[in-house]
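Next come the structures, one after another.
Shared chain: chain A. Partners: chain B in the first complex, chain C in the second.
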Partner chain A sequence: MTTTAAPTTSRAPARTGRLRLRRDPWGHPRGLAIVTWIYILWSLAPVLLAIRFAFNEGRSRSAAQGWSLRWFWQDPTLSVFHDPTLRSALEQSLKLAGLAMLIATPLGVGLALGLQRWRGRGSGTTNRLTLLPLVTPELVFAVGLFLLFTTAFSFIGLGTTAQVIGHVTFSVSFVVVIVRGRLQTIGGDIEEAAADLGAPPWEVVRRVLLPLLLPAIAASLLIVFALSIDDFVVSQYLASGADTTTVPMRIYAQARAAPTPALNALATLMLAATLLALALAYAVFRVLTRGERGGRSALGQLASLEATIDAGGTK
Partner chain B sequence: MSGDIRLEELTKIYGDVLAVDAIDLHIPPGEFFTMLGPSGCGKTSTLRLIAGFERPDGGAVILDGLDVSRTPPHKRNVNTVFQSYALFPHRTVEQNVAFGLRYKRVGGDEARRRVADAMELVRLGGMADRRPGQLSGGQQQRVALARALVLEPPVLLLDEPLGALDARLRVDLQVELKRIQEQLAVTFVYVTHDQDEALTMSDRVAVMREGRIEQCATPQELYEEPATAFVANFLGAANLIPVASQPGVRGTELALGSFRLRCEAEGAPHGEAVAMIRPEYVRLEPHGAEGENRLPGMVEEVVYLGFHQDVRVRLATGALVRADVPNDGEAPEYQQGDAVAVHLRARNLRVLAGDGERAVQDAQAAAAPEPAGTA
Partner chain C sequence: MASRRIWRTLAAPGLLWLIAFFLVAFYAVVAVGLGNVTTLFEPVPHWNPLDWNVGYLWQAVQDVVPGGVTWPVVVRTVLYIAVAMALSLLIGYPVAYYAARYAGRSSGIVLVLLVLPFWISYIMRMFAWTNLLAPDGYASKALNALSIDSLFGALGLMDGSDWLGGQPITVILALVYGYVPFFILPLYASLDRLDHRLIEASRDLGASPAESFRRVILPLSWPGILAGMVLIALPMFGDYFTQDLMSGSPNTNMIGNAINGYVQGGPDKSLGAALTILLSLFLLVFMGFYLRSLRREQRGTA
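Here is the complex of A and B:
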């Protein structure tokens, strides 16, 4: 390797100093790797710690006291499974996530298809407006929804319905982004080809578009689920009482009161559910787009999918 | 016999761009018709109007005597082969080919037989169960072709179908497309920016520019008798020399400074005009050669191109003439700086209307490089 560097140095002596900083520009960037690993460990440490104490034998959430599943279901009164407040929070979270997923996905697919086809006046504006919830601070969004449900839409009022509507509202944008990315990969030619071969519009959607959108639809379902189950701010603002408390809300409330490792267990379950949803989304997408021409289009899809997941994570 | 296409003042406007400018055209059944032109000349727009993917802003598309201008694409009796192939990636080759038969109410054994025939026609036997993603570009284009031909359309529209393939494969498929077209006697409307494709396959070619047809003729006529400098330059190379033209004793007399040229063509435009001659018709003779249509000049540059040489001669009048000298295995006859006589034979000279400046602009427009994938 030094032999490769030597002629370069002799040809351009003025650059010697700079070249020495990194002796081998083609080598493995070790410094970079070390910094990256330190960062990953640092950011994962609190999560790993929280998970560790979910399996604690004793009541402490800071001292290691053996291993057990006590806080998940073994404890007859304090475990996630048996404590009615924790259990109802889990049920509420799952209910919201399930409903949001089933409502936001078809809505988002329809919206994406509509936006894709809409040309001319107003289409650009609408396009950008759809993505607004992605960049709106969630607190602003939640306060807005709160005002809406307590004034103009007071016939709905606060509670589960409002929470579902809230979750659907912000997650539709994610569905639109995912589905439109996929539509772009599919390209307009395919639809035109199907029409050209005699397929009426509905048949084009049924026999060509929907099968090709399936990976995006599956990914959307699971990402909406992950977004919803993770959500705190919107759920909190639109909640109406104890029976509409979700897992993140319960964790937040109890963390200050009388915390037991059951909270860690609950958080661990949440984390597992979210990760599972995302992993499934990724896997389903991979499997369904398998065998499509070239790696680039599939990679582009994954990139956009991952960007969306990232955006969801920071929300 | 069906497959007759008539375009009447067909017009398409995108925003403030006139993409197709009142085109009138008649394509008789069974013709291999090519629309040739640089990107943005309106050839693809015209094709899309015939297919029904776009609605005309004026005029009509008439297929076999029926005005189909307001008929959606799925009800038009034409099929299209796309540059991107546009195969359905989630279906096998066989399912792709069979896709349209359902809408023709063809099923069962009949459908199977027709799919097999179509695949045989494009030489894709044995590929039935593959997915499009597992095929090469050339094979994918064959699937696209079979998928359209299985419906036995009277008209097949092809939008730069060979554009995404490499040069050698393109030549193979050109031959095959021509064979299929002759075998089925289907009207082919073929869009390309590749002059070789247009010349080798077509019965007739329309050279398009800025939404209009510049000239529509057989390949030979287009090459030998181009109507404009744009056509002359788009198909092959051309020497364009500004001249003053007037009726002569035998044909037309062209004045080039103090020199006189004779052109055999009768009825050539008079006044300010442009003389056109193909480089391969230009003869180089030793300095001082006598006879009509010989002009003195000096060799400015010799470019060796393998099977021929491109000799650029600067005439005494200042004009540059390119001569195509075939490589006959002997040592090059002319070298840079040699004084020569350029023989522009009277029967190969053409006279195009218009002034020299316009001709140069036209020539540049024709020579502009084509960005890939647009038209």
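Here is the complex of A and C:
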């Protein structure tokens, strides 16, 4: 792995390789490679160990003790499947993520389409307003919604509805960023052609733009699902009691209280749901954009998307 | 014109949603912070600016200046975040640089592994460390066997050998662990675009590797470093859960804990709202900077 000879020298004799090395001492930044791989190990190993403990046979969640599915469903009282507090947390998380995904995506797609073409008065302000939730610290945002639902909007109150509204509000901006990226890749030619051929604006949107946006819409749905399921601060501030507790809230409440590996099992299931949603988003995006030339790879798009995202932190 | 109206109609629902639940929510913080309370200390928001009562805001200002009750928390927050950002730079820069320039054939897999922590819930990543840093956890056993606890103790960074027992060093390192992926990715994106020919030119003109790094690469990396720094500073200033999970001691409380305590715990919701206003005003500088670079980026790819 450390033999990073440049592809161009692969046919040349070894001596040339050494000469290149002497001329350009950065050709083999072995120290940098080691630092990078140690960092990657450090960033992922704790999570892998937490997952490993979920499969423990014993009760310890700080040491490996055999293998079993006891903490997922075999244990009759303490497993995720049988402990009502853990099970309802999982159900609440999935419910919020499902609803947030179905509400935030259409709102975001409409907003992105509108912003892309709407020029003139109000468009600049709207644009800034759309980006603002991405850079607002989650605590400020959560305190605002909490005070809103306990004062002016007290007819909504705290609870599941408030939690869904909160998740939708921070997700809409992500959908806008994803869809606008796709609109830029598509360009305006096809749309103009449709308009020139006499299609009224609604038809252009329905028969030209929406089909072309399908990959971005699919990706948005699943990314909102992943963002919502990982959220902690907004869920906690807008919760109203035990039955509105989500998985991250349950983990936060019990992490220090010496629980059983069932908590690890719960965290593992949540991670599996997130990664499944993302893998699906990636696969769907790939399949739907197959055969397009000139665009960047789906992986590249995903990476640059994440680079623009987000100051929210816990999402 | 129908063609123009359609775009506004499409944007309207999302726009109204953001106004109702983002702008008005923020205004609720202002209205409560500048409002009043009932005899039961429940906040009474003053929505009309003419009715504003600056009492709580004034109290919050007095709390966060030297001599105030929240002043030590403010100092601690700035100190923790400054150290965490410096460590993030030391760890993140080499990693981003390697991934952008030298990963070669393995760049795809390196990128996936660098992106992965983004999508693992922050709470789960902290939870993983509470497993490892518990007194019988693998990490705390290894660290104590290497006498790292005594070393930190001698340096005054740690007290005893319980890593989860209110240690500032644990909170700072947890902040680094939590946020460094958010620093690496924007930095990676900016280093990836760095023009290699400029570095080659500097070498051809006789610069040593160190000189070429200092005078060419580093100046070209500054925008990426700044963007990454801002991106992690914003959530760190609003963080209360890292401290709660990794320490839980009032001796390591940060400003986020203070706000969370007022708003969720005690009767002083109005004071909490006033502190949130002050924090937002402070962070506005960072947010404005980041929004500007984000918009420049959008325009650049258009």
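Here, the second predicted complex is superposed on the first by the 264 of 315 C-alpha atoms of A that agree within 3 Å, B and C clash if a C-alpha of one lies under 4 Å from a C-alpha of the other, contacts with A are read in each partner's own complex, and residues count from 1 in each chain.
The rule is simple: contacts are C-beta pairs under 8 Å (C-beta built on N, C-alpha and C of every residue); 3 or more make two chains touch, one makes a residue touch a chain.
These numbers were taken from a predicted model, which means no experiment stands behind them.
Clash-free side-by-side placement of chain B and chain C is the outcome of superposition onto chain A.
When the two structures are aligned on the shared chain, A:Ala279 is found in touch with neither chain B nor chain C.
By the touch criterion stated above, A:Ala63 is placed in contact with chain C alone, chain B being left untouched. Contacts of A:Val172 after superposition: chain C is touched, whereas chain B is not reached.
In the superposition on chain A, contact of A:Tyr39 is made with chain C only, not with chain B. Of the two partner chains placed around the shared chain by superposition, chain B and chain C are both touched by A:Pro200.
Shared-chain residue A:Leu131: touches chain C; no touch with chain B. In the superposition on chain A, A:Glu192 makes contact with chain B only, not with chain C. Of the two partners chain B and chain C, more residues of chain A are touched by C. When the two complexes are laid on top of each other via chain A, the two nearest Cα atoms from chain B and chain C are 8 angstrom apart.
Within chain A, the residues touched by chain B in the first complex and by chain C in the second are 195, 200-201. Of all the residues in chain C, the ones that touch chain A in their complex are 2-4, 6-15, 17-19, 21-26, 28-29, 31-32, 43, 45, 47, 91, 94-95, 97-99, 102-104, 106, 108, 110-132, 134, 136-139, 164, 177-182, 185-186, 188-189, 203, 209, 230-231, 234-241, 244-245, 248, 256, 259-260, 263-264, 269, 272-273, 276, 279-280, 283, 287, 290-291, 294-295, 297-298, 301-302. Contacts from chain A toward chain C in the complex involve residues 1, 4, 6, 24-26, 29, 32-33, 35-36, 39-40, 42-44, 46-47, 49-50, 53, 60-63, 106-108, 110-111, 113-118, 126-141, 143-148, 150-152, 165-166, 168-169, 172, 176, 180-181, 184, 195, 200-202, 205, 226, 229-230, 232-233, 237, 247-248, 251-252, 255-256, 263-264, 267, 270-271, 274-275, 278, 299, 302-304, 306-309, 311-315.
Interface residues of chain B, counted against chain A in their complex, comprise 51-53, 72-75, 78-80, 82, 84, 86-90, 99-100, 102-104, 131-134, 144, 147-148, 151. On the side of chain A, the complex with chain B involves touching residues 187, 189-190, 192-201, 203, 207-208, 211-212, 291-294.
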